[in-house]
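Listed below are the structures to be examined.
Shared chain: subunit A. Partners: subunit B in the first complex, subunit C in the second.
For the complex of A and B:
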């Protein structure tokens, strides 16, 4: 099969709020191939989580609704499925690791039950079989004494261990696509590194596709094959990891790379950041959404919105004045 | 859970001792001398200082405070609440007859209050901001805005005089009689706003929690998401508050039983207070306090059952 596992086209998810209609996902297109790990990066608030929730069919309503586009998963348009059918795709076809495991796990339910209920639902297991499998999976995500810990509650786990439980829930039915929404952001650096190792291991074992959402380009460099950079609800650049790090095309990407702390800067705690703030989604600037913060902005950038176009050999960029283009 | 239970029960003991002490002290220091009151009632001419002193000795009222207290506690532990000054009969058997009436009334009211309140609160939460939600909350608020001593005569007038559904609603024919319906309904429905509001707000808060989203992300049917993940977490505050409802029912029974002439614990309390019948006052106060403490203990234990974070503290 040559087609991608996940193909998102012109996705539009709007939030109908008192301040007006926000467009956290504003015409987003991308694909994830089988066995591929794709990064989705961007500053906080640019619509990464909303993109993920749109794929899972979990956009909070109200205030949100998917108003346009298509999401093909394994050749099937998820937006055409009725709720009941879509539910059978969750866990089995796509699993999601949420950002903060300390709130994403049910505080009054035993961890084993939280994993087991998923498998009972989708894999036709009875309670005993599901408990057995839950032990295996906890073991696989690196939780010591897995069998005893099945009957523990989330508050009895450390932050890192809780995130491992979250991962266990997301992978317990072997989904084709794993969506990880900043799973390590809330954790300290050592734990973060351990979890990245775990994800890499799991990926090598099963060769599944991963959509890795993060605001940390460092993590992307370690884990991903390809990256999409998102800004204010739109994908502004897409490239392989090497291309993106060597030759960023979009000034925003270049800015993100510049603000990545080097070892030297980590020591001196002097961090470069991109000037200004991401736009308020209720009052988007005209033309290119990035132009108020862009040092290359021209009149055209103020007037006309750039579209995502092929740039050079690989990759796409949405910019009137892309960098590092050698014709 | 066992350590938690033991801890809770042990904490319960000093509270009971405190209640026994405070109840007795209130009676001891309270207004009106029981001997004087009684002597005046029986024969005012006998009210000379000498007779009063002698009666004090007979009733053991001249002993030191703590000795009297110990004596009182000892008797209560044996089920002896002393004699009513008014009727000169033992209070114990009276309580044994009257308390079950109030208990049946209170239990029936509690069940309707709890189950109805939780049901309506859940409905309101799931239909949040629709007319169903507004209707439920609005109605409960409206009913709650009338005090029971206004509602009781009002509903009696409607049921007996206007609709002529019953010849009379006064008195007690047992919990399954038609006469019991009105007091039970009044009792429960007037308190509905509490559990309805707590259930509604608790569920709405839980509905927006991340773990509910996780449950949906698992692909569970909405029915299971609500039952397993929303309801159990959302009802913790309701269940905890139901303990407070019991104290409402205990104090409410004073008005309600008096209004409906139900010969229960509440009516007995009111009669005792009016007659300054000091042993009855102490007995009913003590029972009321124990009921409230007992329900608080049960609440605490339920809290532990429902929320593991409390249990493992």
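For the complex of A and C:
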């Protein structure tokens, strides 16, 4: 196997608030290989966005701070870099796509200039080269009449098109890794489908690696090669997408999959659910964070926190009573 | 679903237009046709799913049916009565029977009112209970939606989104309605919470004999809960059928594309299935061209589509579609 492009090890990002120290990222480890699309799935508040912000070096401080761990991008620890170097790395090696394009783009600046600015600063292009290249990029992300639209402002684009502009900015310096945080959540399904196609094209044509952060397991099934499931600040399961959907190991993953109705067949009985709610970060339960909602919970789960371990032939799970294990 | 069942709600040629922006300083305001000539029948006891993308008019239709927006034209019948012909007092009485829950429960609850009081309020307004009976009703309602009656003196912000939606539901159900419009009631919730609320809605429907208009963009959830499904595009119903029929045998090209765009939860099937991709965005509902509203994005568009707007035609078994090609 080739060396990983992104390697996150024992990452800890804490929020220092009046209520105490919250741990939205509490010892998270994972890797993204070259050319691979990895999904990071979880419900709101599980720490998936904070994980992404940590990798991008965008943790809001205060109240947040990375207090431990390492983030290796292409063999270089991002946490050891000074701000200036990090800024360059961020633009040239990672492209970032956020959920809300209207707040991520500058509303007072023409989109062509926003794309060109990035390339001028980080790729050493002059204004003319950058403008030419910006047209190509807009065309590449599927914006019709790209040349004319360079001089439009973000508000003149529809939601789906604005999202494409953001993707254009993310890929304009030709980064190897794309980090996308719920980029299609606010969009209608037909527009979401168009964007998923675009991402698929980008990863097939250009061989980009993608870290795709979402709460939607359907999108993961469509797009990802491998998946990590997060719960309460920790990765509780990691598997290939086929394994995860076929044989979920962690009771939380199984619960998530069961609570989603499918489009293919109608289930007559009521939906299976996970009772209760995700824990409040300020009052984390002892042992396994999922134990108050878990039907398999035992005394050990209350006392001892399970670690992410290899389970069966492939995949990792953090559970004392994993499901679907066959040797 | 038996065809002879009683019709609880009916709309005839119901339209709701809004005044759009002025294209330029001197020109007339454009008209935004949010709901255009909708004929819909909702049977007593059924769940009618109403699906479509944002801006298609599904929420406006739901609110116009409840007369929260006065219709621009057309008629609405509730239990056989034309509700625009009712006097104020009669309409108020009718309001008891039709209720709505919205997507964002927090903004539909008064942040300064304890939840017990919020649930009691409609009972007081409609003079349905007072004194200890009122207290008892509120406790019952809280229990019905799965909340501890001991929490009645808490304020909305002390609850999670899912619990707030339960409170909004309890308040809507306080006056024992027969018809409930659920406008994207679970869209802002996490998956594990959505399931809990859907199961609650289904249980309540059985216990209280409710009829739902379930408005949602989540087709997976609609397939689970609905008996029949109507698909809206730019203010029009373009297809309506029994739930299984619609999902297994969609006729309108828009419905087919919509279903094909939903991510499916089987990775192997997701990678091999045939996809229909729509180009472009939903056009603005202002100043639409003549003919079929879907023509600008339709993969099967024909020259005839620009001539006349297709009618919603019966295709057999109550399956109706508005497309000249089917």
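The rule is simple: the second predicted complex is superposed on the first by the 315 of 327 C-alpha atoms of A that agree within 3 Å, B and C clash if a C-alpha of one lies under 4 Å from a C-alpha of the other, contacts with A are read in each partner's own complex, and residues count from 1 in each chain.
By our rule, a contact is a pair of C-beta atoms (placed from the backbone, for glycine too) under 8 Å apart; a residue touches a chain by one contact, two chains touch by 3 or more.
Just so it is clear, the structure is predicted and the values come from calculations on it, not from any experiment.
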{"item": "Side-by-side fit of subunit B and subunit C on subunit A, or clash", "value": "fit"}
{"item": "Subunit B versus subunit C as contact partner of A:128, first or second or both or neither", "value": "neither"}
{"item": "Partner chain(s) touched by A:188 [first = subunit B, second = subunit C, both, neither]", "value": "second"}
{"item": "Partner chain(s) touched by A:58 [first = subunit B, second = subunit C, both, neither]", "value": "first"}
{"item": "First, second, both or neither for A:44, with subunit B first and subunit C second", "value": "second"}
{"item": "Comparison of subunit B and subunit C by subunit A residues contacted", "value": "C"}
{"item": "Contacts of A:255 with subunit B and subunit C, given as first, second, both or neither", "value": "second"}
{"item": "Touching partner for A:219 - first (subunit B), second (subunit C), both, neither", "value": "second"}
{"item": "Closest Cα approach, subunit C to subunit B, once both complexes are overlaid on chain A (Å)", "value": "8"}
{"item": "Shared subunit A surface residues [contacts with subunit B and with subunit C]", "value": "none"}
{"item": "Touching residues (chain side subunit B, partner subunit A) in the complex", "value": "208-211, 213-221, 224, 228-229, 232-233, 236, 306-309, 312"}
{"item": "Of all residues in subunit C, those that touch subunit A in their complex", "value": "53-54, 160, 162, 190-196, 198-199, 202-203, 217, 219-221, 223-224, 243-244, 247, 257-271, 275, 277-278, 281-282"}
{"item": "Partner subunit B, residues of subunit A touching it in the complex", "value": "56, 58, 60, 84, 87-92, 95-96, 98, 100, 103-109, 117-118, 121-122, 153, 155-156, 166, 169"}
{"item": "Residues of subunit A defined as touching subunit C within the complex", "value": "43-44, 158, 160-161, 188-194, 196-197, 215-219, 221-222, 241-242, 245, 255-257, 259-264, 266-267, 270-275, 277-278"}
